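Going in written order, the chains are labelled A, B, C and D, and every chain counts its residues from 1.
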Amino acid sequence: MNCIIILLIYVLGAVATLASNSKNAAKIALVTSLINAVIALVLTGEYLNGNDISFTQQWISNPNISLSFVVDGLSLTMLLLTTLLLPIIILASFNTLYSKANQLYSLVLFMAFAMAGTFLAQDGLVYYIFWELALLPIFFIGLLWGSDEWKVRKRVMVTFFMYTFAGSLFMLAAFAYLYTLTGSFAWSDLSKAVLSTKEANYIFLAFFLAYGIKIPVFPFHTWQANTYEKSPTIGTMLLSGIMLKMGVYSILRWQMPIAGNVSENILKTVIIFCIIGIIYASLIALRSNNLKRLLAYSSMAHVGLVAAGAYVGNSTGYQGAIIQMVGHGFVMVGLFYLADIISKRYDTYEIKEMGGIRSQAPKFTTFFLIILFASIGLPGTFGFIGEFTLLFALSEKELLYAVFAGTSIILGAYYMLKMFQNAVLGSTQNKVFAEVTTKEYFVLAVICVVLIGLGIYPKLLTDLFIQ
Amino acid sequence: MIEILFYILSAVTLGSAFLTILSKNPIHSAIWLVICFFSIAGHYALLNSQFLAMVHIIVYSGAIMILMLFTIMLMNLNISDEIAKPIVTKIIATVCFCLIGFFLVSSLAQTAPALETYTQTGVDFQTIQVLGKVLLNEFVLPFEMAAILLLMAMIGAVLISKKEKKTA
Amino acid sequence: MENVLQQIGIDQYIYLAILLFCIGAFGILYRRNAIVMFMSIEIMLNAANLLLVAFSTYHEDANGQVFVFFTMAVAAAEVAIGLAILVAIYRNIGSIDIDKLKKLKG
Amino acid sequence: MSTTILLLTLIFPLVGTLINGFWGKHLSKKVSGTIATLAIAASFVTSCLFFAYIQDGEPVKVVLFEWMKFNYFSIDFGFYFDQLAALWLMFITGIGTLIHLYSTSYMSHDENFSKFFTYLNFFVFFMLILVTGSNLAMMFIGWEGVGLCSYLLIGFWYKNQDYNNAAKKAFIMNRIGDLGFLVGIFVTGYLFHTLDFIELKEQSFLAPTLGIATMAFFIAATGKSAQLPLYTWLPDAMAGPTPVSALIHAATMVTAGIFMITRLNFLFDLTPDVQHIIAIIGAVTSLVAATIALVQNDIKKVLAYSTVSQLGLMFLALGLGAYEVAVFHVITHAFFKACLFLGSGSVIHAVGGEQDMRHMGGLKKHMKITYATFFISTLAISGFPPLSGFFSKDEILLTAFHHNTVLWVVASLASILTAFYMFRLLFLTFSNKFRGTEEQEHHLHESPSAMTMPLIILAVLAAVGGLISIPGSSWLNEFLKPVIKNSATLHHHELGTTEYLLMGLAVVGALIGLMVAYFKYIKNKQVPVNDNNVSGLQKLFANKYYLDEIYMLIIVNPLNFFGSFFKKQIDGLINGVVLSFGRVPSELSYQGKKAQNGNIGLYLFAFVIGVCGLLYYLFMCY
């Protein structure tokens, strides 16, 4: 079997969804994503058996571009994350009846195609094309199905689009420069390119602009909270669950191997910015009144740690970043789903208008607690494995980094528990909060099982990329 | 002898050009311009290109100037119609004139004088026969294009100046 | 045949053309009557023509004169169209003062 | 020893948790409570089996699988059962069983009965992981897990936001310590390339950064075991149901810090500077908490501060390298403090939820068993011979005297104060006349047997528990020998005149405390005044040295301020800069558009200027 099948099925699914009517669109999308999840698992099996599942085909001879999709531990993990999270995200979106659902789900599948392509592509230019391609669907999803009035939404989405797009152009420039050096876009050639420190510095910074905005790293984060807030929940889940992992993935795949001999000062500065971002975002989350914005900033705090770990550049940081990407994906989808459920029942995202949920919906509260504690890295959940590994990587580089980044576990506990207390606990309100439905129960249970299961036995996943 | 002729012609050219611009009455301007064109035709003749001198008189002094005069008369323009430009504009215009004149002349002055080194071969290159051959051999395509251009101009002029129907 | 440039010199022609061109430019800036501005443009065109002829003679090459010929054709077309436009404008606005013609401005 | 039995010790509480968690609502309260109690009791039985085995058996290490892997070492998901773990297993499951039994009665009217036992069982499960984890990371699972359960149980009555605040505070304060634990783990892992206790014990050596690790571990301990400066969560944690306070915040969880330092004694022995800090902090905490306890009027708050104070004494012992002594005091303290808390629970139960001692009094007549057990435990904590507290506390004081007289004075002072406030508590609650409402008085009753049974058992243990380590021939010290690398206490056991003199002094001190309390509260029948009407030192004590306010001022408020500042100002600023990248070109083009105004003169002027510039550049510039 070949990894390109996944891309083809996503495209076919997108077309089929678009052609169907609004009623069946979600189901077709779900089936497509499930098929791909199964295929991804089969591919994993083949990969572990040592079969070759990569695909390479010359596309353009001058400049030398080939459609090459290679699978290794890193890209396979990200592929699994994408394909496994997508059914959950689509299932989670069943709560909302979207207008023109066929277009929406078609865009979702198309986005999954682009993201999977980004994770698989081993040719710099093909990778870049997929990278930009992923931006289009989410732009339209946010623009057409988002909340708030059109004018505000449009401004937010256009800012998001232009910002990330502008950042990516620097990456394209870096690839163009690298092409003049090596005469190839292939990862295998680029990673072997010998760069002087000065060249590496510039290329590193160009990549950093693209990835720093995407992840986002302080101070490139201002698009994030707005975009998360205005997007529909399905868009927010796609953004936080999978799309921002493209940034971290790219650090591990492209930036660090190619511009590895960047000067130590730049590397340190970047790590310090990541750590500043952790504390900064945590403090803002502490003062956020809107649940979605709070989650957006908490997401930023967590990926700040992931990015810092990725930039450390040793093997611990590498594996920690991958682990936490997966963990963060599931946690964020779970948290946004919980927020979505609350907002469906209470018709608000304002925390102070919530409360009194626990006495009415104990099951919901239990799920909330599990996912919340996974997000603040309680041992026994997958969040802990990631945070532990990342902080350990930082401490290997410099103990103080770990201490400062580690304050996120204190601040994270603070703002999450504060939010939990105000949103879920407290005395019962007049508003009725119905207990989770079977569908919601299923989605949340899957997320919780993944988080706890991998927290206790992480080797299931880590064996993919640790030799 | 030729030199004197040249200077006289030049003086007429420049003077009539100036007067074209400075005359308040457009009719006077047109008449000064005709004189200017005649003197330029004289220059052509002086340069021994008879064909162009004749064409110039026909096209410019004849066709174009008549057209202009007709238009002026058609519009019935007189002096009072034109409001003088503000004085600032006039100053700026003068400054521009001086500036560009100065820069052009002084940049030319930088180049070496050409008269001392100039020689001629005496080949016939500008009689009507030669020009006709060049025009219909080498430049036959542009020649035809020019014909089409003139045709288009004619149709365009007719179309534009046609009175619109008052239906709209 | 005796070449006039042996006595007068190309420089003189260039100076003449320059001055003529400047007068044309000056006219456009100075006047606001569209027809007079048209005339100024003709003067500038003629300055260029004059220079072309002078250099044609200087290089003993017919091409320059051919170009002048084409320029004249273009100038004739231009004047025809330009005057037609002016007439149309005059008919609509009642004036050919170019400062009043600002309808196309965005 | 079969590993299955050992693992069963851990699995029983987990099974109890799962049963109550998933089907608790469908079970009757009786079944639910019985299952939970039985789960811990079963665990207790297996612990006893192991305890019998370890008397002359080898420690057992069980590795289930490889948990995490790094390029130069890996972390096992494994358990290590040794003498130290055996002790803790015994009293966690033992006291745990008693408290579960007690809770079945105490909580019987609560609507979330099964949930309570779910959490309680879950807590025991994590506590067992904490003490049996084979490496630091495993210990950390338990360490944070008990914090989680503590959070859930303090905030058990979740409708009251004050309780939720207390729960949140406890968790966050603990998290500060947890960061210390993580840093400790990182430094240790980096230095020794292992986190396994056995390997650490063999491979540890003095490295320059080891002090950071031990200090970080100590910070972790101050969080979990409520020492200065992180102790403020413990008194607030009394918001939870009383059995929770007894189990988690007196007997077991708060001793995790002592357990951990004892576990890592070989590391702490290498860094004497850190040991000094531990000793000083322990002594100071013990005195500070004792002074605060003097003026508290809430019966559970007094016990909470008393716990902090006693934990301080244990840390003093740890800091002096006397690990066995600290462990000894942990055990005796677990007995009498659990008894005291459960007794206070019984009292609160009787007076219908009232916790203020000023509204109690004269309960002696109504609650004889509670009074008797409470009295024994009070004597034990005050250090009257031959009750357990006397032996353990005296050993700490002896050790302190041999090391540093100042520490001894501080610790002795704390002990005298302990005697005073404990008897104050006893007298205010049980003596004189009842000061509550008529209705409450009518309602007064002795608690049911499910509650008094544990009290009696614990009182007996509090009385005789000291026998496990009598000066001179200590069973405990012998038992712990394999765990502790070099002990500082061994040579103190030849009792001389000095030692007897000190013991006498301690008893006299306790008596002084008793007498003062007696005269003040029984002879003069004083009742403490309202907190607002006190002055001077008393006011300082009543306000807990304003520590909460100071934390509010220097930590919480700045965090909130910076949060708002970042949210409103800095984020806006950054956003403004980002948007200006878009605005500048658009503004420029808007301005540039104005130049295209249709004025031919202007165009021509620009053209002339351009031509002039070009000519200048082309012809005249060289």
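Here is the rule we go by: a residue touches a chain if its C-beta (ideal position, glycine included) is under 8 Å from a C-beta of that chain, and two chains touch if they have at least 3 such contacts.
Just so we're clear, the structure is a prediction, and the values are computed from it rather than from any experiment.
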When I count C-beta pairs in contact, which pair ends up with more: B-C or B-D? B-C
With chain centres defined as mean CA positions, report which chain is farthest from chain D. B
In angstrom, rounded to a whole number, how far apart do the mean CA points of chain B and chain C lie? 5
What whole-number Å value describes the gap between the mean CA coordinates of chain B and chain D? 102
Where the CA atoms of chain A average out and where those of chain B average out, how many Å apart are those spots? 72
Chain centres from averaged Cα atoms put chain A and chain C apart, in whole Å, by 67
Touching two or more other chains, which residues of chain D qualify? 601, 604-605, 608
Interface hub residues of chain C, defined as touching at least two other chains: 25, 29
So, with touch as defined above, which chain pairs make the list? A-D, B-C, B-D, C-D
Chain C residues touching chain D - in the complex, by the definition given at the top: 25, 28-29, 37, 98-99, 101-102, 104-106
Please give the residue numbers of chain D that touch chain B in the complex, ascending. 601, 604-605, 608-609, 611-612, 615-616, 618-620
In their complex, what parts of chain B are in touch with chain D? 89, 92-93, 96, 99-100, 103-104, 106-107, 110-111
Residue ranges of chain C in contact with chain B within the complex: 1, 3-16, 18-27, 29-33, 35-36, 38-40, 42-43, 46, 49-50, 53-54, 56-58, 60-63, 65-66, 68-70, 72-81, 83-88, 90-91, 95-97
Using the touch definition up top, name the residues of chain A that touch chain D in the complex. 159, 162-163, 166, 219-223, 280, 283-288, 314-316, 319, 358-359, 362, 369, 373, 378-380, 384-385, 388-389, 391-392, 395-396, 399, 402-403, 406-407, 409-411, 413-414, 417-418, 421, 425-428, 456-459, 462, 466
